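Next up is a structure, given as structure tokens.
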Amino acid sequence: MTLSSLSAPVRERGTTSMSTESGAGRPDLPGTPIFDGDSSRRGLRMNKLFMSLRDAGNRERFLADEAAYCREFGVSAEQEKAVLDRDWQAMIDLGGSIFYVYKLAMMDGRSMQYLGGVFTGMGEDDFLAAMRAGGRRDG
Amino acid sequence: MTLSSLSAPVRERGTTSMSTESGAGRPDLPGTPIFDGDSSRRGLRMNKLFMSLRDAGNRERFLADEAAYCREFGVSAEQEKAVLDRDWQAMIDLGGSIFYVYKLAMMDGRSMQYLGGVFTGMGEDDFLAAMRAGGRRDG
Amino acid sequence: MAEVIWGLATSHVPSIGAAMDRGKTDDPNWKALFDGYAPARAWLAEHQPDVAIVVYNDHANGIDLDFVPTFGLGTAERYEVADEGFGRRPVPDVIGHPELSLHLVESLIDEEFDLTVFQELAVDHGFTVPLSVWTPDPGDAWPCPVIPLLVNVIQYPQPTAARCYALGQALGRAIRSYPEDITVGVLGTGGMSHQLAGARAGFINPDFDHMWMETIETDPGQLAAMSREELIRKAGSEGIELIMWLVMRGAMDDRVTKVHSDYFVPASNTAAGIALFDNRNGQPA
Amino acid sequence: MAEVIWGLATSHVPSIGAAMDRGKTDDPNWKALFDGYAPARAWLAEHQPDVAIVVYNDHANGIDLDFVPTFGLGTAERYEVADEGFGRRPVPDVIGHPELSLHLVESLIDEEFDLTVFQELAVDHGFTVPLSVWTPDPGDAWPCPVIPLLVNVIQYPQPTAARCYALGQALGRAIRSYPEDITVGVLGTGGMSHQLAGARAGFINPDFDHMWMETIETDPGQLAAMSREELIRKAGSEGIELIMWLVMRGAMDDRVTKVHSDYFVPASNTAAGIALFDNRNGQPA
């Protein structure tokens, strides 16, 4: 299992380019989003929204009107679109922390393997098979 | 201006005796309550009550039924009595932080000089005069 | 004088707890993992400490991103088990040990570790899964009081590996200077190699994990010299959690005796490792 | 490369802010205090930095006792002025400088300071009064972006004086390593001698305060050697706030030029001190 999928056009500008802006020795590793201070700033409102979904009442309110809930939390228009479209990669690019984004996935009944299938472009089944076979390796 | 009032029976058992229990080099200075981890544990619920009084709505609810408000915050019976009696020294002895206790005093229209008059036993006017004269000295 | 009698390193993947909570430990996907825990659990059941310290990180349950402490230490009498979204795990709340906590706070702040002191903290799977790895059937209560030591591993910059190891060494000194004769177990949690997001999601590095498992016993200072970048490159973006094993290891003696270790891929997306070390000098394992 | 151009030490007693907010600065009880500020304010108005850093502590307004960080640093774009119970002070909210903040966070965590990183924080009089001492009439906005650096001084054990001085020195290095050519002012707040509770309430120690004021300029390392007990004994239980002056001083060069200092008793129950230092080497004051 290699990371040849890296050569595919993967959107990580958001995270990666912000990471290198201040350039204080932050890692810049292919295919590896770093949730740093810049990401955390951009993602703060959206991550708060995700964390709020731990509460059943909030999940209900969210599902009743997702856009309104996004506006209530003050997320950006781009982030709102990513949330509504369940564009998991965009959520990460726009400052989502995987542990927070996962709260939304859980609500949707999605597993971390499903997300792995999305992030890698492999799809859930192949991703799961790769994990069962011992995980993926670099290059 | 001396601290001869120290020989008077000042209640500081609460704070001082707890301070020396674990004995890890914590100061034990006459007439000087140390707000340490033990105090903070004992005082947590009561200090939270005091902090809540920053909010006008909470002040109204507190004033409408002080005992009920104390129970809502889960303060101990001793602490509730100290709060209801405005026994400022007891509040400190029972784990109150002066910055938190002061929120209650402010609500009552009491100044820090009033509290100084209570803690020293001098009364507000003498305390204020002592401060204006340059403050109190040790020994 | 208190004494660290053992150190347990273990992954804290939520699905390990879920497999236990749902009675799936004999499921073909899980059986080998739980079989690998058995010898450690048997030894631990015979060596109950008076207090345990769990070095862990929170995952969007006990604390939020409005403030991120590098190191946090709990001083509460009780820690509630967090509801992470679908009901709390069916395990007991955690009883703390405020006296030891406050002693640790004073010692560590005197040693220039800039702790955040928590009097209220809900603990999530990062904390409860290791307790379940140790004690699968706690009944109404965990075997002893437990103190949480929080480490930021999710927001860059994490504390360096060297800082974590130094914290562990200071923690060991702080425990040994506690005036009461009690025994202490220390759990370092998280890892091993894994990455959850990005095109490299699913990354596992068994060579690195085996090196780490061996070296954490024999030469932890070598691991403490690794940079964040090296850790993330070799162990994956979430594999950096392994720095928490260094806090545990630092609290132990230079020489420890390995009781048991095991390695299993995958627990969910993660390489799950367990390593149990006896810290009682000259004792037979 | 960023440069610390000045350091301002000042008490942050709430009544100083209240006197200004209520137009009482010419009141006989207050006039001497504000007259004593005048030369510092005039100099500061001529030496506007691009960013300021305020080292301060919170007083039950921005954070509660459920978690107490030893050191906290804000990375927000904006900090709201807290309502401490009777309406917020009529002063502008604080605009932050996230880029410099994030640089400081990385540098300081790399230097093994275990910061708590705040993305949301309401600032109280401990923060706004020093801004008012510096800039009495801010109009709609403070003169520049400001970054809060929180220090725990209210719950024992506080960081040691030595740790605060070391933090200041690391802060100075972090500022100097910032890639942009900007100027920075650093404010160390709190003190001087005072005690609010206990039979010793009202304690003031002018000898100690004068020694501190002199030595902070000439030999801060000597002050950094003081224990918490010595500080509390000599400066009163709340006088320990003076450790925050050491953070400011540590960020400056070994040799600084005093521009102005003044001392006034009492501001409420507190000995109020101000000391302004020019950090531009070889510049005439």
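Per-chain numbering from 1; labels A, B, C and D assigned in written order.
By our rule, a contact is a pair of C-beta atoms (placed from the backbone, for glycine too) under 8 Å apart; a residue touches a chain by one contact, two chains touch by 3 or more.
A quick map from chain label to UniProt name: A, B = Protocatechuate 4,5-dioxygenase alpha subunit; C, D = Protocatechuate 4,5-dioxygenase beta subunit.
All figures in this text were calculated on a predicted structure; none of them were measured in a lab.
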Looking at A-C, A-D or B-D, which pair matches B-C on over half of its contact pairs by residue number?
A-D
Is the number of contacting C-beta pairs greater for B-D or for A-D?
B-D
Per the C-alpha centroid definition, the whole-Å distance linking chain B and chain D comes out as 26
Chain A and chain D have mean C-alpha positions lying a whole-number Å distance apart equal to 40
Chain-centre distance (mean CA atoms) for chain C and chain D, in whole Å, is 38
Could you work out how far the Cα centre of chain A sits from that of chain B, in whole Å?
49
By the touch rule stated above, which residues of chain A touch at least two different other chains?
25-26, 36-37, 40, 44
Multi-chain touching residues of chain C, meaning two or more other chains, are 65-66, 68, 105-106, 110, 117, 119-120, 155, 157
Within their complex, chain C touches chain D through residues 65-72, 105-106, 109-110, 112-121, 155, 157-160, 162-163, 166
Chain D - residues contacting chain B, complex
29, 59-61, 64-66, 68, 82-86, 154-157, 193, 195-206, 228-229, 232-233, 236-238, 265-266, 268-269, 271
Contacts from chain B onto chain D in the complex sit at residues 3, 5-6, 8, 10, 12, 25-27, 29-37, 40, 43-44, 47-48, 50-51, 53-54, 92, 97-103, 106-107, 111-113, 115-116, 119-121, 127, 130-132, 134-138
Footprint of chain A on chain D - complex, ascending
75, 77, 98-99, 101-103, 105-107, 110, 117, 119-120, 179
Interface residues, chain B side, partner chain C - complex
22-26, 36-38, 40-41, 44
